[in-house]
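One chain, chain A, links the two complexes that follow: it is found with chain B in the first and with chain C in the second.
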Partner chain A sequence: MSVEAREARQPWILLSPALTAVALFLFVPLLFILVYSFWLRTATGADQAGFYLDNWREALTDAFYRDILFSTLRIAAITTLVCALMGYPAAYFIARSKGNKAILLLLLMLPFWISYIIRTMSWINILGVSGALNTFLLWTGIITDPIQMLYNETTVILGLVHFLLPFMVLNVFVSLEGIDTNLEDAANSLGATRWETFLQVTLPLSLPGLAAGGLLCFVLGAGTYITPLVLGGPRDAMFANLVFEAIITQLNWPLGSALSLMLLAVLGVLVMIYNRYLGMAQLMKGLG
Partner chain B sequence: MSSVTLKNIVKRFGTFTAVHQANLEIPEGDFVTLLGPSGCGKTTNLRMIAGLLDPTEGEIQIGGKRVNDIPIHKRNLGIVFQNYALFPHKTVAENVAFGLKYRDVPKSEVASRVQAALDLVQLPDVGDRYPKALSGGQQQRIALARAIVIEPDVLLLDEPLSALDANLREDMRVELKRIQSQIGVTTVFVTHDQSEALAMSDKIVVMSAGRIEQVGTPEEVYNTPASEFVANFLGASNILNGTCLGKTGSDVAVETPLFGSVPVPAGKASGLDHGPAKLVLRSEKLTLLAPGADTTGMITAPATVETVDYQGQTVRYFIRMGDTQLQAINLIDERPFPEGTEVTAAFRAKDCAALPGA
Partner chain C sequence: MTKKMDNTTRYERLRERYMNGDLDRRSFLGMIGAAGLAYGVQTPFAKYAHAAAGEVRFDGWGGVVSEAFREHAFDPFTEKTGIPVVDGTFGGGDEYLSRVKASQEGEYNIAHLSGVFDYARYYNLGLASTLNEDNIPNLKFVIPKLVDVFRNVSDGALSCVPYDYGTTGLAYNRKYISDEEMKEKGAKILIDEAYKGKIAGWGDWRTRIWFGSLQTDQDPNGATDMEAVWDAIRAHRDLSLKYWTSGAELMSLLAEEEIYVTEGWSGRIYALQEQGHDIGYMDPPNGYGWQECLFVMKGSPMEACEELLNFMLAPETSIAVAEGQNYPPALDPQQVDLGSKIPTLPAFDPTGTLSGLTFADPAYWNVNEAEWSKTFGRVQKGY
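On to the complex of A and B.
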């Protein structure tokens, strides 16, 4: 074998374990789901193999699914916006702080050591009827009866922001770190105040990080089912809850498959738009 | 255009003192170079003049006015950074126009001033391009155009040539000096490269370990170094320990074991009278000759060529004289002396300088 051929093969040899895992545990199951989505669930509860479009017709035409898809996208968008507004200043502070960056980043990562479910459930102890906030307000006498603060769209967004904020901060931090501080000094020296420098130089150059963080927050937020399950009311179901409901509760695998592929397609289009304009490399920077 | 004055400037970072008591007077329109090895405080001084650092003690004046408390964006300075620091998301024209936005320049005038600046740096046609599409040397010219288009009171250059290739660096050196003299702006240039400093400056400020060692014209710092550090930093020098025997006429005699008594011109003997002294003998002034060659008017001693460092146009010899190794840089005439050759080391006394001994 020639040297070129050996060198050309080497990356594939090194990649093969990862590629095998991705193929086996991601693409094959996805393929199953695609096939399932064309099966039909009969009245007896058994699945009938074949090529039926019934599930797709239901998923795509029923206003119920459409409304929940839109409200899911709305919740994900609001969450992303709140994460951006809260995360950017935090990332800026960490990127510009001297010396203790490592500790600040560690503090940011610390919540990841606790299960996401437990972190979500902790809000019940804070906002619940007998939670910390109500207890405090009752003690101060500001209120006489506990307020129901949980189980609405706001608490769902609160839980999502709590979950997703570190992703935003990390991505913005990475792009801010990549900006040469001489650029800011140069802008300053040319007459721009610090705020003008931020608007003219720092912010535009950190937009790729903001976009990467935004994409992650949006995709992860739109795909969540735990947060609305724990912190949402009966009317706050998000799209992934419908999939969960169809597959786990109703055991309707064909419909659940069609619904999950629908969500995948919507988010996939979003990722493709992002990739078209900014490229995946930026996202990888933020994750690494 | 303005003069720049540093008065008793001290800069401390924690317990480390980067600049000790710097005093410096830069006249209006001068090209002054802060020269020294890395960590000598030259960039710290530049950044304090720029307003990017605050001095711990002392006063900085620009145009006779104290500027310590004036923020950088109000100082009206042009800064050129080592890595150019062009805004990557703006076109060349937008980069150059950046400073004009904050100076109440009428919109109609902006385009013509940007074009004039681009013409001055001899890149009239790149306004629509992004910095990424330009070579390093072109980016450096644009950085210069951006700094001078605002008609700064002082132009600050922080090692602007060190990121360029050797050939380009020499071209840019000439170019930079041409532009500076054309617009006549007071310029402070920071470099660690002695040939840049010698070629471009009206005055050189040699710095070492946070202290100003010497301030003078290129000829002064080169021919009459004020300290051993300066003698070694600007070109290679041989420093020989000796004794000053006192003044005879317009010369000061310095006795060294290798060459006997050397009559150094009094103007280059830093006021020495009697006592321990050091003879500064520049490597390029120490000539190697074949034994028996005409050495009229020269001070000579026999030596052996130990190492030959061939550099094309010149050759650097390390020669042995007893226990001492000296360096000689000579132009090559035909072929260099091979290693092991017995030669005569010769120099003229007027080319030497003397410093107080330890």
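On to the complex of A and C.
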């Protein structure tokens, strides 16, 4: 075998374990889900194999699913915006700090060491009627009766921001770290104020990181299921909760499969748009 | 005595050793990798190994219920017979059925199922075993009415043994709601505007429809005006702070005074009362009665399962479990002396006829299950 042929094969050999894993654990299950989405649920809860378009017709034409999907996208968008507004200054501060950068990054990673469910449930002890915040407000005399703060859309968004903020900060941080600070110095020496330098140099150069963080926050936020269950009220459901209900409560795996593919398709389109204009390289940098 | 350890505990111990510095990182990661490989390789053959070893998997409701089962039934059983019992938990019958459907035959063995309608669903899906009753002599102590309803579903055979019963009644905080007010309003207190934001309910479609029927003065096993029932469910939804999804959440919401009134499971409310909380409990007329059974899945190691069922039905075991989980046992009080605590438990019937309880009729509920569970999902979200 020639050297060129061996070199051409080498990446595939090195990639083969990862490709096998992706094929076995992502594409094959997706194929199963796709096949399932064309089956039907019988009256007893058993599945009827075949090729039926009923689930897809229902998922695509029923206003109920469309409304919940839009509501999910709206919540994910608000969460992403809040993450961006809170995450950018934090990332900027870490990127420009001297000496204690490693400690600040470690602090940023600390929440990942605790289970997501536990982190979500911790808000009950903070915002509950007998939680820390109400207890403090009662103790200081600011309020005379506890305020009902939990179990609404605001607390769902709060829980999502808590979960997703580190993803935003990390992506923006990576982007800011890659900016040559000489560019900022040059802008200053040419008469720009610090604010103008930020607006005309730093922010535009860090936009790919902001976009990558935004994409991650949006996709993860739109696919969440636990947060509305723990922190939401009776009406605060997101699209993933519909998938859960179809599969678990109604034992309707075919409809649940169609719904999950529908969500996957919507989020997939967003990723493709991102990839078209910004490319996946920035996202990989942020994840790395 | 050696306790059966599950994989989570094994992993946690390994991680603890690593965190303590008893294991270097290479060994830790190596062991995790080896465990993953071993799991992947053994999974398809696990059922044969489990069956050969006589190991039994049991799944139940978690919390105080699982603790009672572990302490009073599984550990003594393992000590006596050498057969290990691995116990898991679930949040509800629907969730568990989905897991069983996704599993291989023999992976799950015994489940603590609620209601005859669940028994009928499992039976209709072909998940039921057939018990050899000769191996379960303690079945003779069980209230006959409880056994007969299961036999009627499965053509005279049995796939389970009845184990306990209870009610889903009204639980209320006495600091804010008096006993007199509860008696006057009954199930309608859950749609009382005066308690807006302090009401909750179980997010289970059957329970919501049952209480919706009571709130519209209809027979919960034969409502004729379903639109009125859905309207009552909508009214409850709009006044509710939250739909709870587990017994632990129910207890937490009441204990923390996040809510003042909800429907609740009799045993869990009794546990709250035992903890000193001033929570009242009332079964309204036609309140939701249910019986639970120990259901054996098809493909299970039958002899080991039957031995465990017989052990669990032995009066001393059954009474100890009942006292631990706060639900009356299925034992016939006319045949067995149930001691002093059980007669004080909510829903207890000293006659053994259970004539005072209204159970869900599987013929009525299961035929409407697909439509109603779906409609409830929509109503819950504001439709």
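Rule of thumb we're sticking to: the second predicted complex is superposed on the first by the 288 of 288 C-alpha atoms of A that agree within 3 Å, B and C clash if a C-alpha of one lies under 4 Å from a C-alpha of the other, contacts with A are read in each partner's own complex, and residues count from 1 in each chain.
We adopt the following convention: contacts are C-beta pairs under 8 Å (C-beta built on N, C-alpha and C of every residue); 3 or more make two chains touch, one makes a residue touch a chain.
Note that the structure is a prediction, hence the values are computed from the model and not measured.
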| item | value |
| --- | --- |
| Fit-or-clash call for chain B and chain C when the two complexes are aligned on chain A | fit |
| First, second, both or neither for A:T144, with chain B first and chain C second | neither |
| Residue contacts with chain A in the superposition, chain B compared against chain C | C |
| First (chain B), second (chain C), both or neither touched by A:I68 | second |
| Touching partner for A:S2 - first (chain B), second (chain C), both, neither | neither |
| Contacts of A:E196 with chain B and chain C, given as first, second, both or neither | first |
| Chain B versus chain C as contact partner of A:L183, first or second or both or neither | first |
| Chain B, chain C and vertex chain A (Cα centres) - angle in steps of 10° | 150 |
| Overlay on shared chain A, then closest C-alpha pair between chain B and chain C (Å) | 38 |
| Residues of chain C defined as touching chain A within the complex | 94-95, 97-98, 101, 121, 124-126, 197, 203, 205, 237, 240-243, 245, 252, 256-258, 367, 369-370, 373-374, 377-378, 380-383 |
| Chain A to chain C touching residues, read off their complex | 41, 43-46, 64, 68, 124, 128-130, 148, 150-151, 229, 233-235, 237, 242, 245, 247-253 |
| Chain B-facing residues of chain A, complex | 180, 182-183, 185-193, 196, 200-201, 204-205 |
| Residues of chain B defined as touching chain A within the complex | 50-52, 72-79, 81, 83, 85, 87-89, 98-99, 101-103, 146, 150 |
